[in-house]
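After this come two complexes, each holding chain A, first together with chain B and then together with chain C.
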Partner chain A sequence: MDTTILFSYAGIVFFQAGMLIAAAPLVRMTIKKIKARLQNRVGPPLLQGYYDAFKLFRKESVISEHTSFIFRIAPWIIFGAAAGVALFVPVLFSFSPLGSAADIILIIYLFALATFFMVLAGLDAGSAFGGMGSSREVMIYSLSEPAMMLAIFAVARAGGSTNLSNIISHGLAEPGSLFLLSNIFAFAAFFIVLLAENKRIPVDNPATHLELTMVHEAMILEYSGRQLALIEWAAALKLTIFLVLLVNIFFPFGLMAEFTFSSAMLAIFLLVVKVSIAVCVIAFIENSIAKLRLFRLPDFLGIAFVLALIALISSFFV
Partner chain B sequence: MGILFFATLFLFLLGALSGFVFWRTPHIAKIAAHTIAMCASLTGILFALSVFASHQTFQFSSWHLFSIASVVFSVDALSAFFILLVCGTGFVVSLYAVEYVSQYEKTYPMGLLGFLYNTFICSMVLVVAADNMIVFLAAWELMSVVSYFLVTYEYKKESSLRAGFLYAVMTHFGTALLVIAFLLLFRETGSFQFSDFRLQSGGMFPWLQNLIFILAFIGFSTKAGVVPHHIWLPEAHPAAPTHISALMSGTMIKIAIYGIVRFAFDLLGAHTVWWWGVLVLAVGVVSAIMGVLYALMEHNLKRLLAYHSVENIGIILIGIGSALLFQAFGLYTFVGLGLIAALYHVLNHSIFKTLLFLGAGSVQKIMRSNDMERMGGLARYMPFTAVFFLIGAMAISGLPPLNGFVSEWLVFQGLFYNLMIDSIAVKIGVSISVALLALTGALALACFAKVYGIVFCALPRSKEASEAHEAGKPMVVSMAFLACACVALGVIPGIGFSLFMPIVEGLHLGHPIVSSWFSIMPAQSFPTRISPFTVIALVGGIIATGMLLMFMIWGRHRKRSAPTWACGRVVESKMEYTASSFAMPFKLIFSGLYRPTHNIERETLKGSQYLVTAVRYEEKIEPLFERYLYEPFINAMIALGNSMRKIQGGNINVYLSYIFIALLVLLFVFV
Partner chain C sequence: MPTLQATIQAIHKEFPAFSLDEKGKVSTMRISAETLKPIVALLIGKHWRLLTMAGNDERAQAGVFTVSWVFGLAKENKIMRLVLPVDPRKPVFPSIFELVQSALLFELEIRDMFGLTPEGNPDLSMPDEHREKMIRRLVHHHNWPEGEYPLRKDFPWNKRPKEEHVTFPFRYSEGEGVFEIPVGPIHAGVIEPGHFRFTAVGEMILNLEIRLYYSHRGVEKLFEQKSIPDAVALAEHISGDTSFGHSLAFCEALEELSGISISRRAGFLRVIFLELERLYNHVGDIGMLGMDAGFAFGGAQGARLKEVCMQMNERLTGSRILRGINVVGGVTRDISEKDSEMLGAFLDAFASDFQEVTDIMLSSSSFLDRLETTGKLKTQTALDYNVVGPVARASGLRRDARKDFPNAWWKEFQFQISVQATGDVYARFMVRTEEVLQSIKIIKTALLRLPKGERVMATQPIRLTEGACVVSIVEGWRGELVHVVVAGKNNSLYRVKVRDASFLNWPTLSRAILNNIVPDFPLCNKSYNMSYAGNDL
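What follows is the complex of A and B.
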C-alpha cells in the first residue's frame, strides 16, 4: 500500500479513537446534566467527569488483600477492550480503515471480554456486593445478547457482510433501505440493548448507591484510585461507542467517503448533533421512568429480542 | 508412512502390555504405561502430519478372507485430522497422568489402568482409520467397552458402577443403530468396504438413504452426548478418573462427530435432503442451549464440564447442519464454510475442554471433592493452574483472542450466509438458531465466570481450600501446552486452516474461505474479514501506552492493601456469593424449564421460634429428560417384561411349541 495512504489511515484511526476516548466522560456527564436540568437542579459542571478522573488518577489505590491477580489486571483489560473497539468503529467516515481487522461480531465479543473480567473482578474481593453485582451483570448480559446478534444480522443482511464499513456504506448507497420495517425494528432493539449493556435506567440506575439496586456500581465497589478511574472511563467510552454505532448504522447521513475539509467539518457537526439527540433521548427516558425490578428485566429484554427477531424475519420479505 | 502408522499401533500395544508386565510394581507400571503412551502419541502425531504433508491417502489392506479384504485401513485428511486430535490430546494427557494417577497407586490396580488407557487411545485411532465396516464396528465396540472399564475403574465406589452401567446401556443403544445402518448399506452394496458405500450410495432408494442417515445420526449422536441422549455424560465424566474424563470429553465424543461427518459428507454425500440439515441444526441448537442451561445449575465441577460438552457438541452440530443446508440448497461453494466451522470447533473444544478437565483434576486432587461450594481463593495457592484454567474458561466462552472465538465466529458466519437460502421456512429456522446460539454463548460466559469466580477468586470456603498448593510439575506443564495451543489457534487461525483445507478438498466440497496466517475471510466475494492478531496487538498496544502515559504524568501507581470492606465487619467466607446464589437469577428466569424445588429445615433452640441453631437448605431441579423420557421408557420395558412372564410356563413342551410356531411364521413370511 502507498505509504501516504497508510499514514493518513493511521492518522484517521488514531484521531477518531482519540476523539471518542477524549469525549467519553463529557458524553456521560451531559446525560447527567440534562437530567439535572429536567429536575430543576443545576447539576454538575459538564467537565466534572474529567475532574473526577484526573483526581482519581493521582490518588493511591486501596486493594483488598483477599484479591488475586484478576483484580489488578481487570481495569486495564476493560479499558483496553473499550479503547480497542474505538479503533475499529467508523466515526466520521463511512468506512473504518481497520475494518478488515474486526467485524461487528468481533467488536461485540471484545465488549464481552471486558464484561467477563468485570464480573470476575466483582467476585474477586469476596464481598457479597461484588458477587451480587456480577451475578446480575451476567444475567442482563446473557439476555441482551440474542437481541443484539439478531439486530446485527438484520442490518448486515442487506449488504451480505458483517463488516461494519460495508453495513454503513450499504445504508448510504441505498438510503431507502434505512427506512424499511426491518431497520426500524432493529433500531428499536439495538436501542434497548444499548440501555441494558450500558447499565442505564430502566435496567440499572447509574446514580444509585443503594446496595440492593446496584449492578455496575456493586461490581466496582472495591475499586479506588487509578483503577476506578480507568473502569469509569471505560464505561463512559463504551456508552459513547454504542451511541456512535447507533447513529452511524441507522442514520449514516453526513459520513465522509473521502476526506475534504468541508465534509470533515460537516461530519463532525452532524455526529455531534446526532449523538446529542440520542443523549437527550436517554436523559428524557431516565427522567420519566423508574428502574425496573430486577426480575422484570427478562420481560424488558424480551421485548428487544422479539423486536430483533421481527426485524430479521421481516428483512426476508423485501 | 505405513511404518509410522503401525509403529503407533505397536507402541500402544506395548504400552498396554507393560501394564501387565509391571502388574506387581504399580509405580513402574504407571511410568512405563504413560511414557510409552506418550511415545505412541508422538508417533501418531508424526503419522497424521505426514499424511497432511504428502497430500495422499494412506491405504492398507491385509489378508483376504472369503475373497474379502478383512483388515482395511484408509487414512485421508479427515481421518488424519482426527488421529492428530486423538494423539495430540493423548500426548498431553499422558504427561498429566504420570503425576495424577499416583493417588490410585495404593487403592486400585495400576497395571490395569495402564492397559486400559493405552488400549483406549489405540481404539480411537483404529476407529478413524478403519475403511471397512467390520473393522470400524470392532474398533468402535472396543472403544466403548474399554471406556466402560475406565469409567468404572474406581470400582469400589457404588456411584462409579451405576454411572458405568448407564454409560454401557446408552453406548450400546447407539452401537445397535449403527450396526443396523451398516447392515443396510451392506445389503444394498454387497460389500463391507467404505469405498463401495461411497460409490453406490447414490443409486439407493431415497427412503433407504434417509433411513440410513437417521440411524447413523442417532447412533453417533448417542456417543456424542447430544440431547436427549446426553444423560450418560454428566454421570460418566465425574465417575471416571479425571484424565480419562478429559480424553472422553476431549476426543471420544469427537469420534462420533467424525462418524457423522463421514456419513453425511462422504458415504452418503451424493444425496442430501433439505431436512437432514434442518434436523442436524435443530438437534444442535437444542443440545447447545440445554447443555449450557443445565451446566449453569450444576455446582459439581466435573458434571458442569460434562454439560458443557453437550453444549459444545451442539455448536459443532450447528456448523454441520449449516453445511448440510448449503449442500441441500445448491450453494455448493459455501458447504466448506459450515464444515470448517464445525471442524474448527472440534479441534478447539478438544483442546480447551481437555485443559479444563485437567485443571479440574488438579483442583479435585487437592480438594478431594468436586463440590464448587467448598472451593474458593485457589488462585492464590495454585497460581499456574488458575491462569491456565482462566485461559480455558475464556476460550470456551468464545472470547477473543482465544481459539473458541474463531470457531464460534465461523459458526455465526455460516448461519449468516445460510440466510441466502431461498426458503423462508429455513431462513426463519436459521434466525432462531442465531438467537439461541448467541444466548448459548452468553450463558457459557456466565457459567464460566461462575466457575472461575467461585473456584479461584475470593476467600477459601473450606479448610481444604485454604491449605491448597500448586499441582505437580507434569500436571502444570501439560496444562501449559494446552493453554499455548488455545492462544496459538486464536491469534494464528492459519494453523487450523492448513489442516481443514485438505479435508474439505479431500471430500470434494467447495469452500469460500480465504485465509492467511493471521486473517480469515469467510466468503471471498464479501468484504467480511477479521484478524484477531491485529486486534489483540492493538489492544495490547493501547494498554501499554496507557500504562506508560499514566506513569509519565502521575508517577508510579501507589497501592495500599486492606481487607475487603464488609460494612465494618471482618470479611468472612460465609459472606461471599456462592455458586448457587450466583446462578440464582437464571434459575428464576428459566424456572419453567428447571422447575426448582427447595426444602429448608430449621433447628431451633428449645422449640423457640427465633433462636435458630442450624439451617439445612436443599434445592433440586427437575431432571426433565430423565423423568419424562427415560423413566416412562424404562417403566414400559419393565411392564413388558412382567407381562412376558405369563407365557414362560417353565414346561419344556410349551417352549418347544413356541419354537415350532416361530419356525412356521418365519417360513410363512420369508419363503
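What follows is the complex of A and C.
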C-alpha cells in the first residue's frame, strides 16, 4: 500500500477518534442543558463536563484499602475499551478506516469488556451500594445484549456482513432498504438498547442522589479524582459512540465515500444535525416519563428484544 | 349520652377511689400502677386515643417522678390525662403495650430521658449477635453514657457527659442470600440524618430498621430554661418546615394557661397562615415525589410551585417559612385589604396552575406505575400504630385535628377530610393533592370572612399559675401536633412535651416497605416525608 494512503488512513482514524473523545462530555452536557431548558431552568454551562473533568484530574484519588488491583486498573480498561471502539466507528466516512477490524461484534464485546470491569470494580470495594449497582447492571446488561445482537443482525443481513463499512455502504447504495420494516424495527430496538446501555431514563436516573435507586452511579460511588474523571469521560464517550452508531447505521446520508473538502464539511454538518436531533429526543423522553420500577425493566428490554426479533425475521422476507 | 360523660361515669363506678379533676377540656386523674391497665382498657373501649405520653420530674414538689398518659376523644374535643406517680427508689412503671401498641416508643423515650423503666415493654432489650441482652435505647446516641437522664431536674441543661461507646443491638437475619444494606446517617443529598438498615434478599426487603435521633438538640430541656418569648422562637425551631404549626400549638397552650383570649381576627389569620404552611409543604412534597420517581417534569414543576408559595409567604409576612408571626396573644402580622386582594388573586391563579400540573402528572402512566401499590400501609396497621396526618388519611383513617380537636375558629370552617383507602404511595399523593385544593378554599373563605378592625395581638400580660397543665393540639401539615405544657414558678415553663406527627408515623414506614423492593424505598419514604428534627427534638 502507498505510504501516503497509509498515513491518510491513520490520520482519519485518529482524527475521528479524537473528535469523538473530545466531543463526548459536550454531548452528555447538551442533554442535561436541554432537559434543564425544558424545565424552565438555566442549567449548567455546555462546557461543564470539561470543567468537571479538569477539576477531577487535579484532585487526589482516595482508594479504599480493602480494594484489589482491579479497582485501580478498571478505569483505564473502561476508558481504553471505549477509546478503542472510537477508532473503529465510521464517523464521517461511509467506511471504517480500519477496514475489516470494524466488525460490530468486536465493538459490542469491547463494550462488554468495559461493563465487565465496571461490575467488578463495583463489587471490589465491598460496599453495599457497589454490590447493589453491580447486580442491577448485570441484570440489565444480560437483557439488553441479546436485543442489541439481534437488532444488529437484522441490519447486517441486508448488508450481508457484520462489518460496519459494508452495512453503511449498503444503506447508502440502496437508500430504499433503510425504510424497510426490518430496519425500522431494528432502529426502535437499538434505540431502547441505547437508553439501557447508557443508563438513561427510564432505566436509570443519571440525575439522582438516592443511593438506593442507582445503577451506574452506585458502581462508581467509591471512585474519586482522576479515576472518577476517566470513568465519567468513558461513560460520555460510550453514549456518544452509541449515538453516532445509531445515526450512521440507520441514517447514513451525507457520509463521505472519499475525502473532499466540501463533502467533509457537509459530513460534519449533517453528523452534528443528526446527533443533535437524537440528543433532543433523549432529553425530551427523560423529561416526559418516569423511571421504571426495577422489576419492570425486563418487560421494557423484552420489548427491545421482541422488536429486534421481528426485525430479524422480517429481514428474511424482503 | 356523650362519650365523655359515659366514660366518667364508668370510671366512677369501677374506680370510686380516684377523683377526676376537670379543667377546661382536660380531665386529670391521678391513678395507681395496678389500676392503670383497667382504666386504659376502659378508655380504649370508649374510642379514646393515646395522643402522647410524658414523664415529669416532680421530686422537688412531691418527691416522685410522674408518668402521664394523655388520651384524646375525637369530635368531642376532650382530653384525659392519667398521671401515675413513680417512686424514685423503684423507678419502674407498667407498659401498656398489650392495649396500646403505639405506647411502645413513648415508653422507651421516657426511659431514656428520665430513667424510668417500662416494665414489660418488649422492645426494651434484645439479644445481640453474642446472645447478650442489650438495651435498645431510643433517643440516646452511641456516645451517650448509660445512667445519664437529661430531663431529670438535677441534670444541668449545659452538661456534656463523658463520651462512651454503647453498642446498639440491631435486629439481624441470617440465611443464604440474605444481606444487609446500611444507609446513612450521612446521605448523598442534603437531607436530614437517619440510619436505615435494610435486610434484603436480592432486591426484596425483609426488614427495615430505622435509627433516628441524630439531630437531637434537647429541645424539651431547653424550653425549661427559656423566657416565654424565647420559648416561642424555640417552638418555631422544632422543625423548620412546621415553624408555624409548632409555634401555634405552643402559643395556644400558653394562651390557655394564662387565660388570654385572642381576637377573632387573629384566630382567622392563624387559620390562613397554618393553611399557607400546609400549601407550600404539600406542593413541595408532590414535586419531590415526581423527582424521586425520576419524573423530571413533576420534580421541576413542584419545585417551582413551592417557590412561588414561599415567595408569597415572604411578601405577606416577611418570612418564607412563616417564622416570627405567632406570639402568645395573637399574631405579629396583619393582612391588609390590599394584601388580601393580592393573596386571593394569587390563590386563584395558583389553583389552576397546580391543577394543570397534577393533571399532567396523573396522566403519565409511567409515573402512576411507580406510585400504585408501592409502600402499602394497611388500615389495621395504621390503626394499631396510631398513625396521624396525611399518612393516616391515605390508609383510610378519617383523622384530622382540625375536625377532631378544633379550636374556636376551626369550628367555623367547612371542609372535607380527604381520605383514600389503598394506603399506597399513590393514595398519599392523592390525599396531598386534595388537601392543597382544600387549603386554598379555606384560605379564601377566611379572607372573605376576616373580621375587620380588631387588634391582632392581645396586650394582656402573661401570668402562669404554677403547676397548671394544658394540652394543645394543632393539625400541622404532617398531621397532629401535640404540646403538653406544665407551668413553673414566675412565668417559667416546668415541662414542655412536644409530639410531632412524625413520632407516631416513623415506625410504620418499616411496615409499609415490607415486601417492596429496595429501589422503591426512597419513593415510599418521600411519600411519608416525616421530620427527623421534629421527631428527635
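Everything below uses one rule, namely that the second predicted complex is superposed on the first by the 317 of 318 C-alpha atoms of A that agree within 3 Å, B and C clash if a C-alpha of one lies under 4 Å from a C-alpha of the other, contacts with A are read in each partner's own complex, and residues count from 1 in each chain.
Criterion: a residue touches a chain if its C-beta (ideal position, glycine included) is under 8 Å from a C-beta of that chain, and two chains touch if they have at least 3 such contacts.
Computed from a predicted model, the values in this text were never measured in an experiment.
Visitor: Quick one: is A:291 in contact with chain B, with chain C, with both, or with neither? Answer first, second, both or neither.
Guide: A:291: touches chain C, not chain B.
Visitor: Once chain A of both complexes is superposed, is A:132 in touch with chain B (first), chain C (second), both, or neither?
Guide: Both: A:132 reaches chain B and chain C.
Visitor: Report for A:41: first if it touches chain B alone, second if chain C alone, otherwise both or neither.
Guide: After superposing on A, A:41 lies in contact with chain C but is clear of chain B.
Visitor: Just chain B (first), just chain C (second), both, or neither: which does A:111 touch?
Guide: neither
Visitor: So in the superposed three-chain picture, is A:223 touching just chain B, just chain C, both, or none of them (first/second/both/neither)?
Guide: In the superposition, A:223 touches no partner, neither chain B nor chain C.
Visitor: Would you please give the residues of chain A that touch chain B in one complex and also touch chain C in the other complex?
Guide: Shared contact residues on chain A: 128, 131-132, 135, 294-295.
Visitor: Please name which positions on chain A make contact with chain C in the complex.
Guide: 35, 38-41, 128-129, 131-132, 135, 201-202, 205, 207-213, 286-296
Visitor: Give every residue of chain B touching chain A within the complex, in rising order.
Guide: The touching residues are 376-377, 379-380, 383, 386-387, 390, 394, 397-400, 405, 409, 412-413, 416, 419-420, 424, 427-428, 431-432, 434-439, 441-443, 445-446, 448-450, 452-454, 456-459, 519, 523, 526-532, 534-535, 538-540, 542-543, 546-547, 550, 553-554, 557-566, 571, 573, 575-577, 581-586, 588-589.
Visitor: In their shared complex, at which residues does chain A touch chain B?
Guide: 57-58, 60-70, 76-77, 79-81, 83-84, 87-88, 98-103, 105-106, 109-110, 112-113, 115-116, 119-120, 122-128, 130-132, 134-136, 138-139, 141-143, 145-150, 153, 156-157, 160-163, 165-166, 221-222, 225-226, 230, 294-295, 298, 305, 308-309, 312-313, 316-317
Visitor: Per the contact definition, I'd like the list of chain C residues that touch chain A in the complex.
Guide: Spelled out, the residues of chain C in touch with chain A are 179-183, 187-189, 202-203, 290, 292-301, 304, 364, 366-367, 369-370, 517-522.
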